[in-house]
């Protein structure tokens, strides 16, 4: 999620989103191209909406990309998805 | 990048992509929802294409999502983008 | 939004989503790589969730990509965004 | 593909991309949230790169999202993917 109206550096605005995500209580992982959040649809989309509402307060155009990977009955996937790839390759990867 | 034709678990196929990425020599970070690779367009898209070609060998339908964040004159952003958010918030985040 | 567990052709599952979207009353445009829906966050994400809930009923893994383009005070953008590009180029494009 | 450094309206910059795409000779469909292009990887990514190179000339930060749906042996999918959904539902949809 980033504004199109605030110039080249958007770190200040992304930081406000991470403040909301970090305080939400949901499990998350920040990476250089986004943040992965795990939890039930309502809770995760609720946090995404809170970030969006905050950004809209002073940014007149906001672009958001959301990818959702639902898998029945599975939890703890922030860890297990990476671990299963490392296990398959038999070595640690750059994470 | 994942196949639509190989059933619920795609870890085996994602691992093959990470094998290619890890051996490419480009800087990358694996996360639960994708892999962030840094480098010149030709080299990064070359690696993505190699992963795609490998997956096509035995998967008849492959879905790929690529997000590209170009910023003039900036390198080392796999580290700096996360660091600038942590600096703004004055604390380490979950990465 | 498509299932990873139902084999190569997912048209049947995508059609169920379009049934929900078409009956939602929201403005939308179907295209070969997705459906663009216009409206307030709650209504649009409500329809997306309904599609997701329907797909989860019989698909154990579902992949979803959502792109959101918010622009303050603007509506009717399903038409105006394309029209403004055609106006700039001074000709009709393939839509 | 849009610039983060040129303010709220990016229509002028998107139009330059459509100029390149329209003149490329590849089949494409413009929609309110992007452009779907059909063809071999090298040709399609070549056109995407040309758009990106053009935008980089005067935009210091450019955000790009590419979704690729590969299906073995299938062509003419700009038309067939939409048609198969309409056929399944037995009616024309908004496209």
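First chain written, first letter: the chains are A, B, C and D, and each begins at residue 1.
We adopt the following convention: contacts are C-beta pairs under 8 Å (C-beta built on N, C-alpha and C of every residue); 3 or more make two chains touch, one makes a residue touch a chain.
Every value quoted in this text rests on a predicted model; they were computed, and no experiment measured them.
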Identity of the chain that, by mean CA position, is farthest from subunit D: A
Selected interface, C-D versus A-C, where C-beta contact pairs are more numerous: C-D
Centroid distance [mean C-alpha coordinates] between subunit D and subunit A, Å: 25
Centroid spacing, where centroids are CA-atom means, of subunit A and subunit C in whole angstrom: 21
Averaged-CA centre spacing for the pair subunit D and subunit C, given as whole angstrom: 15
Sequence positions of subunit B contacting 2 or more other chains: 8, 60-61, 63, 65, 67, 69, 71
Parts of subunit B lying in touch with subunit C, wherever the complex brings them together: 2-5, 7-8, 10, 60-61, 63, 65
Subunit B residues within the subunit A interface of the complex: 8, 11-12, 14-15, 18-19, 22, 27-34, 36, 38, 65, 67, 69, 71, 77-79, 81-82, 84-85, 88-89, 93-95
Subunit B - residues contacting subunit D, complex: 41, 45, 49, 52, 56, 60-73
